[in-house]
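Going in written order, the chains are labelled A, B, C, D, E, F, G and H, and every chain counts its residues from 1.
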């Protein structure tokens, strides 16, 4: 390790050949390579309330349970997404309080019940097929310390279903809107409210829906200006972004 | 030309060797190749009220005017799409009654004012940018003998604008809905009415709208079941399909 | 719920402070948000003759049978698409008259035999591989109260097969044309008839057919102007659109 | 207009045949179609501080100036995007205080200097080529009443340039990050901060950048969870979304 | 059926009111619709030597065997492509002479051993992975009555392997060249010979080969002018086209 | 240059240390690198009758004329494709017999009028917009020594136009079929004849034709087995392939 | 075989009619076709140290083991990629020293331990999901005679993890960087070092990652100029290219 | 700036409360944010011999000349790519030794003639249309201090042209191979040599070449293992990568 130059600086200060102020100046002009600092972000304050997250696929139940246990030890909440029943069973043995969210294919372990969010996050879905993605967003937002509601099955081809729930929608501080097929719902919802809308395209559909491409393009081209978009089926990402927004003071 | 076999049949009938009935039977068993008929469709009856159509691009004003004149001689209405100002001037010299529809970039010559359509065709557009395509559809439907109305600038991000015109929409026998960007309008309109909706994706938008692809995919994946789709920016096609439907008895 | 303002109107009318006419005027100027109406479309008149529809995939046989039973209670016809054999068995136990259409992968329960369509819908398929999609369209059109015929296996590479059936085609009020591979059949059929043609691209083909993209693009670019298009493999949508057209008076 | 049923309700109330409470209940069960309400959203309160926005392309200088004037009359701030020099000259004649933002290709008219945002929005760009899009975002955020800073030319291939500005980045309540080519900057920035990052893919690049597709896909697949995405080159949208977030209390 | 008009012509000839020549002229001016001819192509002479072809997928062994038997009855050769082992067993029971070509996944029944081709067709493959497609082409060409040779595993990254077989290549009247991955082989072969080259992209490869798209585009853009292309993995099509060319006199 | 090893062989033969037979054997085992032969293909016999070809774009009139002159000196026919008017003028000064084919954007210089083709090549086009590509194919086939006919404007939406020319089509030894939009014509033509069909997708169309992609995919997926395909708008390639086929004995 | 002309040359030399020098000259002017040499590249010197390589998929364990044995007989190292457990067992029976690299899905047999590389190759991966591809690259580089290190799980969303390993990275003579999702890591690494970076997109990701397309486009558009790219998931190719570079003297 | 913590460390050392060694340890545990170092990479040693590079597009002649002058002041070589004639004239006024490379559209100013490369870089192009990209690569490699040769117009459809230059190719330490259309040349060249091949797809071609996509995919799927790829038309990148490799000791 290459910290000779730095040690030399301290030596010169000790021996009075350099004032602390001069030393700070010189330190700043040392090339970055010579420093070798790694322990960045140790105290990252906003980490508070963020859950530890595990992505399930490709991990054996044993591996999965070990990682889960290690993360749980930090005392934070734990969230695992896209899990299997086997992975849940392996976790459940050790953590009786771990919960399986079947539709969301997620496991949560709640160790911190503080509400960090300033308002309510509402998760909206267009069709029943979009609910698994919506639930992943909902579970993510909950485990990150938010009050969450949902409004499901209010797709645009029956616009009155959406309008009937309008009063609920206006209670949200942040909205997450999940839709497959033509992905039009975020545009309509975005036009009804004045808060941020996180749009999640889902891979629901067939034929020329192209596993969510149609919905993704629809949302990127939304004529409502308060809409931003996350990846296809990325309920977790939407829940995370919404939570980050909702904890802004 | 290969009509020997047929002539022989007639000869045999003339000479009494074959009854007319037998001859008809034999004629039906001759291979198609031997007939060589070309003058199919001379009397195609539904042709009535169909305009003659010219596609403007790639034709010099002179060529354009000549074709226009030749078609006008049939006595039918004439429609030219995607025309230039020069093409219109060339036509105008000879046909004082020819009209230029600037937004639609179309020329019409009305020689037959019969209303062939049984009901009203309503053309709807999402944004002001979609109006040229909507107008092409509207002009097409008019010159084909339909009563036409329009409802423009009722995009889904301000859903109340659309709902405010709902009563008008329900007067249509056929609807044409033009939208670019996310192409969500046909889904919403389709859910409000019980008649056929012809969706026209437009190339309006930027970035990931891909010149109408986002709208096209959105419309093909519409969750409203009474929607069918024509090509991007194909206002003429939509007007034509709507007219064909509207003249069904 | 936010209906105070409306109640106040009624109170004022009751107390004679407002005439009914004035009240109607004021009601119209209340912002939509204050109304909270949800029970829109209860009596939607064109609903008559529309089947209730279930999309099979992702539903357990039990769930499926329950939904089926609930819809059947309305007394309408019931249509279920993309069903499994298990789903059919679960339904069959309770509804002896329920029919499985194997090729179409559809279940129907006919409780209303009224013919709502004004003419005949003819379903055409290019190859034998397209027949499942064609049958889905055919079953949909039948359960919606139409007289339906079909003309199968008349692809464009053997054009005489199609021409031989020409007389049948001209009997249609609406045509549904299903084709995979190059998707050329709707263009040829569209040129032979003067009625609306609903084109259905199918995912039949291999290599660069891209699961129906080649056929879809072919149909969108049809040089026949009376053709409109629905999603890939969307036989149900085609049957629905055709029925909506066919019941126009 | 179809308000007979409503009038009848008021009549019955007037004549004492119905109590106001009963009338409200009945009103709720009337089909939506019969109401015909249009004046939705008149008082939309969050409108406060939102600028009126004009999209420049396709408007003649005269049209443009007229629309500008009409919007300016509301007393709100006015923002026009993607404007031409001619459009600006036409506006400048009437509005001496209108400002042209050359890089952003935007015009602003500031009539309301209230700061609505609760914190600072920081706009980051990867390369110098991305600056026009970044400036559109910056101007949008400013005219919507936010304190805004920028950090430009800190692309990931010279990571020290970004790290050197880290302290500035941590002052943001919301970040907008614009990048073309591989679009990697939002991922790196997202990992450095704990606030929402709005990613804007730009069409900067050549060859297989495909006018922003490479950057768009990169951002949608960001491994930083606090990133959401708007359309390619959509600086306006990013500024709008960031403003909506920044005014959350 | 609509043959009244024709019958009337025969009657007039019989009664001497029309000469046979006049009748032929009039017949030619009857609209096509009135003829109703279906039995086109009965005697299509070039049919000689063409095998009857069955596409295996989606057919049960029983169905498959029945179709096979019916076609075999015509006395022509029979070719079935993309067959399963079960389909072969079902056929083998009845047709002892039927042969299974394992690599090509094809069944042939040779009932006509005539050589219709004027020269030799040579099938070339780039890698060993391309051999199944190459064999389908080879088997197709053989059963259609051609002398066929093959040159396998001569991909362009080891150009000497190809050059070493150059003399063989120059004996071909038609060449079929199968290649996956970058699909460069047809260009090189096309430059070495002066006869038609039918290029077959194969779906061999991984990553950005996109199931044959890379090879397909490579072949369409071949800088050798004597190359034309068939669909991805379409060995049958290549064998058929090559045979059609090879039997030209 | 590395021919030492070879020289040594000859020396050993000269000195009688090696018999000529032994020397030939040894020569064959020398690595290819040591030979350095370049003069491959000097006598390529099938070159006879092949025109020299120049691709116009990107060449100044002077450069173009120089290349043209150099090629003309070989005594072969010369063909230049995608030429400009300026390029033609520069050539015309020196070669009075050079001809400009305006529609085909080609220049030919005929110095060899031998007919090398064994039969007739027929060029077919779907619409008038496809004629420039068709003409490039036609001019190419002519300058390569073929008898050529054409059948234009016989698109599939008016199938009778094509059927009316059927007798002409059957006179072809090779067919070239050019079509844009849905690209269906080669499938229909392929089904009518028993000779090779070279399909040329053209970039004619708009919207979702994607500059010829729709037509290209349609042709690759043709259900007629005697169709092979060249690149979009590649009339030259089609003419070349057809000529190569037509000169097969 | 066509070596008459060559034999004649030797005869003439033997008989003194031609000097060896003249013979060499004449030999050079013989057309390549007449030589028929196949045994090119026997002594290709750089072959030294190159392993023999087998691609596992599609080979039965028996076939696989036979090929493996044949290659091992050359005395070179042997590398097999994308192998199955069965293939390894079949090999292991005969070659006790063969090693299975589970993560890399590769088998190696080390018969030559020479270090051919001049420096160290370092393999970097963004996430844990990219490790199988990284390991394939690592194993390939090792078996080709290189000193190899790895730095895993240093994705750009936690840039400090990468910076903490910076000193290690600067020890590399060549770097291989594997990343899925947005594929940003090679750009950042490329900016930190001054040696060649081989970027490998991996198919890790979901939604709009499109099996590695997002990463591939990101890498092709890298703003770091010392980056070149291989195919998606092509760890072998990256290891091979890096080795070729590392053995340059 | 946040360097209080650091200053405090120095103070403690000065006052003897902390040994220099302890101070170094503590310094390493300070969070990165507190350091604020920006002057990274001042002495980056491999920078020696790297030219300063300007990307021309979007810069006015004046801006361009100013940037050029500032970079020239460093005493390094200067390279500008994709320049215009105006940009060159603006530079030429001040720098008489600046050279314009017309085909490469590049300007160079050579102030350092040291040869840093250890061997020869050879630039190969498939067609004449690829030469501008090849020249950009060549000029880049030269200005970075390499001996460079080129071999142009050796596309794979005339493989003998390439083989004739084989001896030259084997002299390269690194090869750059530029090709459009099917992009097959790098595969063939890669098979002939044992050194690194940098493949550059060019946008040369038409129709389904898709501005270089066909070539790009071809190169990514190259069956030669020593090939890596840069972006479409990225001659500069290829020259840079090749130089970095060639200066490896």
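Here, contacts are C-beta pairs under 8 Å (C-beta built on N, C-alpha and C of every residue); 3 or more make two chains touch, one makes a residue touch a chain.
In this text the structure is predicted, and so the values were computed from the model without any measurement.
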- Item | Intersection of the contact lists for chain F and chain G | E, H
- Farthest chain (mean CA position) relative to chain G: B
- Item | Most distant chain from chain E, judged by the mean position of its C-alpha atoms | D
- Task: With over half of the numbers shared counting as same, classify the chain E/chain F interface as same or different.
- Result: same
- Query: At what distance in angstrom does the C-alpha mean of chain H lie from that of chain G?
  - Reply: 23
- Message: Based only on mean CA positions, could you tell me how far chain C sits from chain H in angstrom?
- Response: 58
- CA centroids of chain D and chain H: separation to the nearest Å works out as 39
- Can you check how far apart chain D and chain G are, centre to centre, with Cα atoms defining each centre and the answer in Å? 49
- Junction residues of chain H - those touching two or more other chains: 32-33, 36-38, 40-41, 158, 160, 163, 207-209, 213, 216, 220-221, 225, 231-232
- Spell out all pairs of chains that touch, sorted by label. A-B, A-C, A-D, A-G, A-H, B-C, B-D, B-E, B-F, C-D, C-E, C-F, D-G, D-H, E-F, E-G, E-H, F-G, F-H, G-H
- Query: Quick one: in the complex, what on chain E touches chain B?
  - Reply: 3, 6-7, 10-11, 13-14, 16, 19-21, 23-24, 27-33, 35-43
- What residues of chain C sit close enough to touch chain F in their complex? 126-127, 155-159, 163, 180-184, 187-188, 190-192, 205, 207-210, 213-215, 217-224
- Query: Hey, which residues of chain C end up touching chain A in the complex?
  - Reply: 1-2, 32-33, 36-41, 58, 201, 203, 212-213, 216, 231-234
- In the complex, go through chain B and note every residue touching chain D. 129, 158, 160, 163-167, 170, 206-209
- What does chain F use to touch chain E in their complex? 32, 44-47, 53, 118-119, 160, 163, 173-174, 194-196, 198, 216, 220-221, 225-232, 236-238, 240-241, 244-245, 248-249
